[in-house]
């Protein structure tokens, strides 16, 4: 093994990124080195690539991008006992501290001292990536690498839907980017009786129908709230999965959900959001929950089982490119004419 | 409408029952009269028919049998406002008191002063049945009557499975009578990753496979515990649905379930059951829950949605007979060579 | 019994109200007449008295005010079986429809077709009040009437605190009106380890200390967020009880609560509220729940037990007046120099 | 520091134990050495001392006894970063594997590959004890060592009571050994409205009254079921905490609990237990949960807050002895005339 590897690096506090040769990371006693087989691009990667306000406030170049991946272990640290060369793995990208209140009570996904791969630490858009042994997840050997890397965003969808009685429920999914699409699929295989998907993007509404949305609504053409009230006979939906980050869609969701309903918030608004808490939350007895990451590893067990059986996650993949084609990949993402994009290093 | 109707009546404290003409019930102000379209036979009906020990302790003849049904409202009491002639309904057979602690805290299914149709009160194996308005459930108009009457036992299965995260879970169903078969189906459409069904009866194991059991085990041939531990790679199952009432099957279930697992108890044991609580429950951190009836009406909403969409409940129906053929029907049930038997009045 | 009674009536679409003689209500078959022994004034009553925007949009005069009360049954409707002359009762003021999804699934407090005593229907600031039998709650005979009438607002506090593991938790209560004060007491007797109470009103902060707040914060003097972070060693509080309706206090609460914390929303904001959902809810994994009314009757069982044993609710009562002194009562409430005000009819 | 230390060692497969000098343990990179300040004796220690059937099947001498303790860190392993010399700590005695399903889903207390201090591994009845860094709990500096060591058994009580709405509930505690006594106290400070404590031992019933039991019942004198039904007006208790391991007491509990009630099983039966599942569990809709250890560390946060504020755990301590007086200590425990016994090394 050479001492150098290929990596997609954010080098400067400015838009863009560069493919370059960098040192293969050295391992601490509890770390492993994984040879990357497949990666996928997250919206977060696009924000960093574009160098938006959030990225500027959070990222300190140089850093290797990427956090969704699958691959094989090629080296293990001196104290690693449970993992072995050749193990086929994916990884939980939130590297939690292990000692804060949240970590010690089973909520490491909202650790107060969390580092995130591809954000604070060198990521996986590279030939190799270094991972603490506690962050590894063993994949079923027959799971294709391009599906295995998707367990990170599918896990977001699984966590967002975890607090609802899925069987029989009606669900509104606002925002049909990849996580909205996975959420649609996860609801369908969990027994949801009807899924309403909302987006401006017709390309993505078409994908939502493939994933199991029975009714897709483009707000440019129809009022989502009115359509849902009509179609549910005045009941409203049981749950809203807010995956867009849009104030307008969240307001729609709060109007469309029935009294006592549940709203999962996963889409990240760019600015403050204005809500009519009195009429839309308090009098209705609504519960809103912020969804961050995945429960470690409860969500992974569920996700792993779903991608191995009922959920056809591959339907969301619309493009497969080489890591070197990253400029085209980010350009496609920017256009919105895509589901999930796989990058092969 | 004549003043008499046909009914299957338990007349004496002895085995058997008789078809005879009886008075059509008179209505109180909050009651309705339903013309019965389809009924199905429950194990409870068989116990009463056979006049077993439980029946002898509980039933005071004469009483009309039966509690699973669908039909149309043909008459409403003077104070009934929410129900109308022609409404297509099923019914919740637990008539609760409305004033005990359980009723006032949303658990009317375990009301302390409950009357049960076909047990304490005249049942639905008849041309007409009288029902309090609060016990009615409105059916979708396109649901076949023989499916609509099954919502009672399917509701048992729905309640038994309500406390588990179904998606991805492995489930062991012990006992493949109709409720075990419905449970298998309910688990499958809720996203269970693998269902193990256990019974001595090969006829019913075949039905279990149709309903979605991936692995059926006949304890005469194989040890269920050993098979499940082998097949789950030493993990054990996430949940056990005990539908047989057999001490041996429950002991198997407690051995086969993983630490922290969930066991729903629905099958009624004939005698006391001996359990190794130390090793099989306490050290393993197991939760056992007794399942009785259906949550009124939370379970009905879920059940109704399932039979209208994902769950093919009709697969469990193996015989359709006229009410007059009740002797044959009970004889088939006794033999065990059946799924669910429909009786048309 | 005369056919007339004294009542405090909102007669016109304008501020104020009038004491006058009105007909004693006639009973339907399932209703009872209660002779009122004690009532208490709610913020809602003040809004109606003042005729603010919400009142103008909701109230159709003439209507008798008031919904918090205790008294004795003096007459029962022809079909009432479970209640008797002389029964000492309080009442649940949300008269739910009984047939909507929410009512049929144990959530009648958020019934879609709800009528509210003293809002849509004639209330209890009168010598007698008419109540459906299903809305009655039987009081312990040794509970003073002025405490018994408080079970309605204490029930709000009980429901607001129901989803948190109280033992050991730290709680921030924003807004120390009567419900905030009861919430403080309910948290204390439930084992909360430290309660932080926030209000501008020093009179009420003093009451909060009496009810068990270990640390009271006046935002005019200190920044609640900074104080709480300092005092909790950088952990933040486990739960926030938002009882003020103030945007600023809710924003404080979201900053002061720890990752994974719980926020109950009960105070009614007058306008839309602007929230930083990304940083304060989503990344922190916060759950917000709108609290409306009381669970019927689960909350009442808890409330009733608390006022009969651990909770000294009388400490919140600061004024006791006759119904005829209503102008003084509302004037005191307007000033904020009070806890709960009792009105005796 | 000398290389030898004092320890109470089970040397042979026979009753008894011996004080002797043994090597101070050597540390791995992630371990620390704690100088023991106070320990307390658990029923498990007595079983091992007496060499009962369970002990004979589980223990492989030689092993140092004891697992409940508090002390100061005097040495840290080379890779330990979060703990420091002088830290005042207690410890979680279940050393879990970290990689099984249970460990990876937040349920390390029922880890499938668990080692237990003083059972599989050398314990804390010694001058020093070796502990993995992940098992340490930092104590408040003002907590007395003899209280700090009790957090292990108090944690059992906290976990046993975690699934019930404590406020207002009535609770039956069967078995008033130390954990039963702590459970009584934990229920009281959590707001339970009435606690019934059952034991044959009058000495311990007296302690139960001190800890907050309003009604103590000796089954030699009164039938617990009849007394509880009478005293609760025919309602039964909301929850049963089974801390005795007695079949008879569990059967009592199942009779005394109300429909829909909760039963926590913590006392370890010596043999199989025979239960009337039909009448006492299934038709009543009862939930039974096996309680093992403590949630790591969720239970510790709660326990730590309780012993620092509301819970007067010291009331349960009846004897304080030196480690060298272990024979007297075990003899007192055997007699049952004690609450908790502290051993100072």
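To keep things simple, chains are lettered A, B, C and D as they appear, and every chain counts its residues starting from 1.
Note that in this section a contact is a pair of C-beta atoms (placed from the backbone, for glycine too) under 8 Å apart; a residue touches a chain by one contact, two chains touch by 3 or more.
These numbers come from a predicted model, not from an experiment.
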Original post:
Which of these pairs, C-D, A-C or A-D, matches A-B in more than half of the residue pairs in contact?
Top reply: C-D
Subject >> Pair sharing more residue contacts (C-beta pairs) when B-D is set against B-C >> reply: B-D
**OP:** Return the distance between the CA-based centres of subunit B and subunit C, expressed in whole Å.
**Re:** 42
Original post:
Mind pulling the subunit D residues that touch 2 or more other chains?
Top reply: 101, 105, 301
Subject >> Contacting residues of subunit A [partner subunit C, same complex] >> reply: 101-102, 105, 107, 109-112, 235, 250, 258-260, 265-266, 268-270, 272-278, 281-292
Subject >> subunit D-facing residues of subunit C, complex >> reply: 158, 162, 165-169, 186, 189-191, 193, 301-306, 308-310
Subject >> Touching residues on subunit C, where the partner in the complex is subunit B >> reply: 29, 79, 82, 98-99, 101, 104-106, 134, 295-298, 300-301
